[in-house]
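Several structures are given next for inspection.
One chain, subunit A, appears in both complexes that follow, with subunit B as partner in the first and subunit C in the second.
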Partner chain A sequence: MSAFVIGFDLLLGAGLLWLAWQALFHPQPFAAVVHFMAFGLMMALAWVRLEALDIALAEAAIGAGVTGALLLAALGRLPDGPTPRRLLRAWQRPPVALALGSVLLLSLWLVWVAWQLPRPGLAAEVTAALPESGVRHPVTAVLLNLRALDTLLEVAVMLGAVWLVWSLGPELRPYAPVTALPGLPALTRLLHPLFLMVPAYLLWRGSHAPGGAFPAGAVLGAGGILLLLADGVPWMQRPEHQPLLRLLLAAGLVLFLGLALGGLLLTGTFFAIPLAIAGLAILAVEVAIALSIALMLMACYLFGEPGR
Partner chain B sequence: MTEGLALIAPWLIAAGVGFFLTGALGLWRFPDAYARLHALTKADNLGLGLLCLGLACQAASLSAALKLLLVWGLVLVASSIGATLIASTALARGLRPVTRRGSRRGARRGARRGSRDS
Partner chain C sequence: MSGLFPLLAALLAGLSLVGLFRARTLLRRILALNVLASALFLLLVTLARTEAGLDPVPHAMVLTGIVVAVSTTAAALALILRATEPPGDGKEP
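Let's turn to the complex of A and B:
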């Protein structure tokens, strides 16, 4: 039995490396995108094997689903025909070789550092700190209380990504033939209640089991993208709703930062959340972050700034 | 009751895996997008149904078993509508189905479908 499990893990690792290589170096862009999506699904399976269900959920939803669909949508707007193979010019080779060499060296250094990490990890410390965090699930405790600064910066990075996409130009409308098909609006209507119920369930679950703001935001965002593709959320594109959209996009980050500064005022330490209000405050921040993440994912699908 | 379910579960899962392998073979060997959709929607969804049924037989509680069956129902809804979308988009883009007698019949069928849609 254990030989079978080891064989499965080796196959999974080898498959991941092969899919990553295909996604990076396949000559056809469509095949590369499909390999990237398969890579995301296999990666989610790898996270399940590592017993990290939270990361597996987020990887499957964002890595394979949302990013893959974003790449496919971008691909559909590219002109047809074979891509020209760009060969490196002679003067370009030394800097490229230098960059590849430094990446290789950095990766080796990272492997060495990871090898030096204390074992068996910090699970005991997290378990010890769990009663003071206000939640019962260790992953949620780490993400939203013990190492909340990392999560805050992640949300800021996502907001930065939306800012970058919107800086490219005005938004693009979905293709007319796609919206004319009856199946897409029907699917959207059929699945929409579920796309609201599942994130609520994941948010509620996050306090005691795998779930929480990131998977909930990813699922809600996926449903929202389906709506966007069917042209079902016209308010996002209307100029008079832009202040509201921007406020909601920033709500998660602002509330999170407010919590951190409130901790600074109340206890004198940045992000020190008093235990009495920790559970409720974390839940409020999680709801705001999930909503913001969902809207951020949808905002990337506008392919530009709306209402311009 | 539970012992009986545990006995048939491996057979259901094995049958599901068989249908999945058949679907993968169809995806690999069928000539065009329309035929491949048959492999993906029919064989794979039956395989997934048997797989979910087998896993539901082994589930610890009734709610877990119902969740597994819910997964199957959702995939059925999504894949049937997704397959329709792919096929009608392919037809709208002018992709002709491959037929054994050559491409004429397929071309006529595609044209007729196109005129009815418009």
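Let's turn to the complex of A and C:
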């Protein structure tokens, strides 16, 4: 390994540690959030260095973009000063102790299970199963065919988060910086074709190279949040469009579940996709999941149910 | 040189745990949780580089993990916003 690579790694590690330190201990909350966003971008570099390009793409859009936007939007509405500490009431103590105890036990069990994992990993098994998965990129094959159940549950978790956020009350009006910054809508209009083209390219690439539904959905969601800031998607807040919005939010999960049940009907195994239609079916599910992820990220950004 | 990234993950995890327990505001606690998640993802991806080549299973796990982390952050932020809302400001549903 050349001295250049070692120097780059050391610089990257030092930068990550310094940014994490600033994000955790900087006295100003705003500066802490900005340092955290920079930390997300540096993490994307670390992913590239570790040859995990799919993760780098998703992290750059989500870790630096969407999480940063969520944190900044919340920061503007939070009161200054430390959060007041409330003591637990007497009836609250047993459930809290129970939750902490079960988390501790689960972690110990997880460590024990992780110790017994097959070594050195499943790279050879995945490579052997790749011709039967319908795609040529191993990460996409794992996500949407070999371990599709994990992905299904993950989309369900995300839908659950949207459900929780929306059940807390009506939407908090996003700050509309349009009046203060007249350039923002124009800039959004200029950037929007790019925000549509990049996810489409990533989706198409996903079957044979790093890319796929998750990075595409992340980039599309980041562009969507920019549109929300510029007041560019008024239909999301109109009451008459709410059924359509809910349908689109659930589309990824529903189509994925349909694919799983179709596999059960055709071959007798849950999520067994016949090879003849696997490539096409995976592409369709990827498009639906990318759209759903993008809309769910936008829905979380509203911090409440729209159109109420 | 292969020990650098696991060491970095361990340092980041320790730093974020200190931050998590010393945090005085809930927002700072969410930041600490996110840094902790990044440290764990780093450890997973480092372990994916084996002798037999890149293991795609941890990569897929980290990809789903990133999306779950952002939805957790959004849900926690929404809960904090509702909890610290000044009373009588918002319309109660």
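Definition applied: the second predicted complex is superposed on the first by the 250 of 308 C-alpha atoms of A that agree within 3 Å, B and C clash if a C-alpha of one lies under 4 Å from a C-alpha of the other, contacts with A are read in each partner's own complex, and residues count from 1 in each chain.
Here is the rule we go by: contacts are C-beta pairs under 8 Å (C-beta built on N, C-alpha and C of every residue); 3 or more make two chains touch, one makes a residue touch a chain.
Just so we're clear, the structure is a prediction, and the values are computed from it rather than from any experiment.
In the superposition on chain A, contact is made by A:F214 with subunit C only, not with subunit B.
Judged by the touch definition given at the top, the superposed model places A:A123 against subunit C, while subunit B stays out of reach.
Residue contacts after overlaying the shared chain place A:M298 against neither subunit B nor subunit C. In the superposed pair of complexes, A:F39 makes contact with subunit C only, with no contact to subunit B.
When the two complexes are overlaid on their common chain A, residue A:L191 makes contact with subunit B while staying clear of subunit C.
Touching more residues of subunit A than its counterpart among subunit B and subunit C is C. In the superposition on chain A, A:L181 makes contact with subunit B only, while subunit C stays out of contact range. The touching residues of subunit A, counted against subunit C in their complex, run 1, 6, 9-10, 13, 16-17, 20-21, 23-25, 29, 32-33, 36, 39-40, 43, 46-47, 50-52, 54-55, 58-59, 62-63, 66-67, 70-71, 74-75, 77-79, 81-83, 119-124, 126-127, 138-139, 141-143, 147, 150-151, 154, 157-158, 160-162, 164-165, 168-170, 172, 214, 217-218, 293, 296-297, 300-301, 303-304, 308. Subunit B contributes residues 74, 77-78, 81-82, 84-85, 88-89, 92 to its touches with subunit A in the complex. Looking at the complex, you find that subunit C touches subunit A at residues 1, 4-5, 7-8, 11-12, 15-16, 18-19, 23-28, 30-32, 34-35, 38, 41-42, 45-64, 66-75, 77-82, 84, 86, 90-93.
Residues 177-178, 181, 183-184, 186-187, 190-191, 194 of subunit A touch subunit B in their complex.
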